[in-house]
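Labels run A, B, C and D following the written order; every chain starts at residue 1.
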Amino acid sequence: MKEKLKNLEEALAPISSGNTLTIGGSLLRRQPNAAVRSLIRRGVTDLTVLTWAATTATDMLAAAGALRRYEGIYTGMFSYGLAPNFRRAVEQGAIEVRDFSETAMVARFRATTQGLEFMPIKTLLGSDIARHNPEQIRPFPCPYTGEPLQAVAAAKSDFTIIHGYVGDKYGNVQWPIVRDSDDIDQMMASAAKRLIVTVEKIIPHEEIMKRPTLTYIPGNWVEAIVEVPYGAHPVSCDGHYDEDDAHLTDYLARSKTAEGANAYLDEYARRPAGHDDYIAMVGGLSALRTLDVQP
Amino acid sequence: MPENKIDFTTNELVTALISREIRDGDLAFVGVGTNGRAFTLAVGIPLTAVRLAQMTHAPAASVYWGNLLEPDLSSMPADLRQDSFTRWQAAACPSDTGVKCDMLARRAFDVCFDSGAQVDRFGNLNITAIGDYRKPKVRLVGCLAQPEHFAFVPRPIVVVDLDRRVFVEKVDFITSVGHLRGGTSRRDVGLSEGGPHIVVTDKAIFDFAPDTKAMRLRSLHPGVGLEEVFDNMGFRPVVPDEVPTTPSPNARELELIRQVIDPNRVLLRV
Amino acid sequence: MKEKLKNLEEALAPISSGNTLTIGGSLLRRQPNAAVRSLIRRGVTDLTVLTWAATTATDMLAAAGALRRYEGIYTGMFSYGLAPNFRRAVEQGAIEVRDFSETAMVARFRATTQGLEFMPIKTLLGSDIARHNPEQIRPFPCPYTGEPLQAVAAAKSDFTIIHGYVGDKYGNVQWPIVRDSDDIDQMMASAAKRLIVTVEKIIPHEEIMKRPTLTYIPGNWVEAIVEVPYGAHPVSCDGHYDEDDAHLTDYLARSKTAEGANAYLDEYARRPAGHDDYIAMVGGLSALRTLDVQP
Amino acid sequence: MPENKIDFTTNELVTALISREIRDGDLAFVGVGTNGRAFTLAVGIPLTAVRLAQMTHAPAASVYWGNLLEPDLSSMPADLRQDSFTRWQAAACPSDTGVKCDMLARRAFDVCFDSGAQVDRFGNLNITAIGDYRKPKVRLVGCLAQPEHFAFVPRPIVVVDLDRRVFVEKVDFITSVGHLRGGTSRRDVGLSEGGPHIVVTDKAIFDFAPDTKAMRLRSLHPGVGLEEVFDNMGFRPVVPDEVPTTPSPNARELELIRQVIDPNRVLLRV
């Protein structure tokens, strides 16, 4: 096995402006926010982003003006409403958007996982999702019945960034038994070309080996693994900590204007030297521990 | 929804109505929703209705919510924090949400609940963008699995408030294909039978005319007149000769909703 | 939720001669042998069987002359060599065989799971597996690249029989954390039209609800669930008991001739009144408990 | 394999040879095999070789075995009983074997090991049936993932004993497409570059001529002559002007095999 433990900046160093990124997490869970703040700090821009149900990570990239193109199933703030910065940028025509339904996006990651250029679906027959995207949703007939099907294009990205629960230095990432599984992180990981995983905690390889069925991202798929406690803050990591309501409320309030959002990013993404600084900014570990939930 | 003059709220009225649409053994998809009134429409009313059905005539009805299959509706989360969802007990929590997508695509669901920003004469739904898709007036959330619902679920139930901005002649963007352009147009593009079954609003219930597939008034809520309905719609629905009144909830239904299912008015708050 | 608890004979009653069955398990693990013995006892015949890595269940059906057609990736006896009765029947031309590679068989169950008539693969280009099966492996071009692909037909069966670990009366079946996962039981379950599951033990629904992530077969997919302790005997149920080496050795010795195999079936499948009788025949629970492994 | 005159067995010779084919970081697929000599060929030699590579020049080499990704080769199961496999510690045990299938199809493996009943001039492999497929002389096990190995893995290593019944001009059934009919025929049917890389036997090592893709003698084991090889093959391989001798294992390799990896001769027993 190969050691893949890096610090956040080292792990993200290969990512550059113009790249296509797959970003994991779903709704207010396991958004790789620490990684995204680091990219914003470095000024990476002109990104194409593929997501599942996106919230903070994608909205911060939109606020930073770093999003050129977006492909996903949802961007919003879950119980907090719409995603203010993403919404503003899209309404200004600043982001090229391609919408996909859940079945379609799943099919795209499965295609890549299975080494194919497409997967067949029949979900989007007649919809404007397909009408606006003839490049990535193509009609073709079923080879058995002749019925109309749609071939959705495989999800291809240069890098995939996922925030996981715990892992070892070889990149094996495990999930807890009690968790919220309403996402496609494992699918994104299996489809990744270059996979960077941040985890709440690095644990000994011996612990991983005792329960190999809990490994949802095998180290074999991983390029770099980074220990980033509270790496999803201000959203939650299920089984570890809850979302930070006060911080999210503040984020949304400041995001009412582009200037407010930019000031937020200056304060929380651009000015801190790194994730440790960020943690200090939001009150330190002692403040974050108040968000902890029972494991 | 505002209180009616009679002794039940409109939320209670439509919840009871929906619960009677649920058959024993039905598997219903309920979305994760957002906050405020949108939460009531997308999550609160549907969960209450299915639970009510379980407690009255459909004990084997169940729900897929988030990625929980058959969560325990007898002890619903008291708040919307992540940990409350994480620990919600259920029969199954599959390894990823692809399992749900597959169940949709293989038509394993019977019913689903959908809300949206626009719905049109033929029941097409828009949750993606208002205005020009490339540079929209309002960018909405995207698609989620709502296209799947209309494509694959036999009996989708749309839950929205009656509003002229919502009920439009033609949606700006077809996220979910309903009855498309009416008639056989839905089948003609390759979709199976189905499409939206009923549309439940705060003033009336609609279904779709069997031939034209145009939205049709099915019943008016107690105290609501035809003109009030027309005033709140951007198109004129099909109106049958006789329009019945939406049946009221009975005493047992009201008691279950108020005292057992939602005693703290979390689900039907607004 | 609906109660789905039945006894073995009730659960299997809808299965009749001429049906197509998907049979779960892999190698010497979780073959639904008790269910298969029950079908043999009842004289069900003329079956088409779809399997993963098949051993005893399929070989006993072959010995009983109940197999008309077979579609799978492997039939043998793992470390015990070839499957004697299946081999004999195939060599006599008595069973119509369609071979599939693992990717192809997985694709077939995934197609059914996803409500499609086929899945694309490129594994079998140029192979005799495809040449001998133009009905179920059809060439078609990739809608994106034009490269040659193969459409494998969805796996369709009338019934699916799986032997699982533990479940509740509603049909929710859970796996243990430490297990051998080298099979496709979950995929077969999701693709099932009518699913019958035998389990080692029925446990309270409350136990299931505590760890819903361990439910690999949701009750919603299940038509009937049956408690059948040692239901995989003489093969193993990983985490519960090991294979019965003495019994398997005897089975293989007697299966050297068709008559020997038939006598074996008389003794262990046809003559016992049911699974309880079978357990008594093989030495009773006390004998079987010597095969138990640490949970 | 019989002992040679020199101080290593043929099993040790080929194990060391294969271990040198393993590069650092390689992911190798090893089958689950059967018993006796077939177990040695399919499982014993490959596992020993990869472990030897890990301990010498390729510490980051790893194995997918059964449905275990990176099982701990420093403590291999002592027997073939199910529970020994169930409890074999590994980095990952994915939820089903479809994960392995996908990894094969997306070319995530570097090396695989294959054995079979027949292999022909162009490295096509048969593990399905001898004789007529519909009514075979000998029905074998089927296919497993061996078609995937040859279709998708860049460097498949075939491990078989040299035998006239195994090395045939043309296999009765192409389970795994090797170099098909030679030349560009493999590419012509749509398969990618690849196909069997080397064929390791108890008497010689073969590879495939770059142009014709016909099996070519790469080296003769110490003490084995050309005629002995030809006598045990149903076709004549390409023979270069100079045929080297298969390099012998060195003292350290032998020590690791004998004292550390397989001290009880479980893996290289027969």
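Just so it is clear, a residue touches a chain if its C-beta (ideal position, glycine included) is under 8 Å from a C-beta of that chain, and two chains touch if they have at least 3 such contacts.
In UniProt terms, the chains line up like this: A, C = 3-oxoadipate CoA-transferase; B, D = 3-oxoadipate:succinyl-CoA transferase subunit B.
Bear in mind that the values here come from a model prediction, so they are computed numbers and not experimental data.
The greater number of contacting C-beta pairs, out of the two interfaces B-C and C-D, is seen for C-D. Chain B and chain C have Cα centroids separated by 40 Å.
Inter-chain centre distance (chain A to chain B, centres taken as mean C-alpha positions): 29 Å. With centres set at the average Cα position, the gap from chain B to chain D is 58 Å. The set of chain B residues touching two or more other chains comprises 68, 93-95, 105, 152.
Within chain C, contacts with two or more other chains are made by residues 115-116, 122, 147, 149, 178-179, 181, 213. If each chain is drawn as a node and touching chains are joined, the picture fits none of the line, ring, star or complete shapes. Chains touching one another form the pairs A-B, A-C, A-D, B-C, C-D.
For chain A in complex with chain C, the touching residues are 115-120, 122, 138, 140, 142-145, 147, 149, 151, 153, 177-179, 181, 211, 213-214.
Residues 25, 27, 59-60, 62, 68-70, 72, 89-95, 99, 102-103, 105-108, 152 of chain D are the ones touching chain A in the complex. By the touch rule above, chain C contacts chain D in their complex via residues 26-29, 52-53, 72-76, 78-82, 86-87, 90-93, 97, 99-104, 106, 110, 121-129, 131-132, 147-149, 178-187, 216, 236, 238-239, 242-243, 245, 293-294.
By the touch criterion stated above, chain D contacts chain C in their complex at residues 32-35, 39, 66-67, 80-83, 85-87, 93-98, 100-101, 104-105, 128-129, 133-148, 151-152, 173-177, 180, 185-186, 189-191.
On the side of chain C, the complex with chain B involves touching residues 1-2, 112-116, 170, 172, 190, 205, 208-210, 212-213, 215, 218-221.
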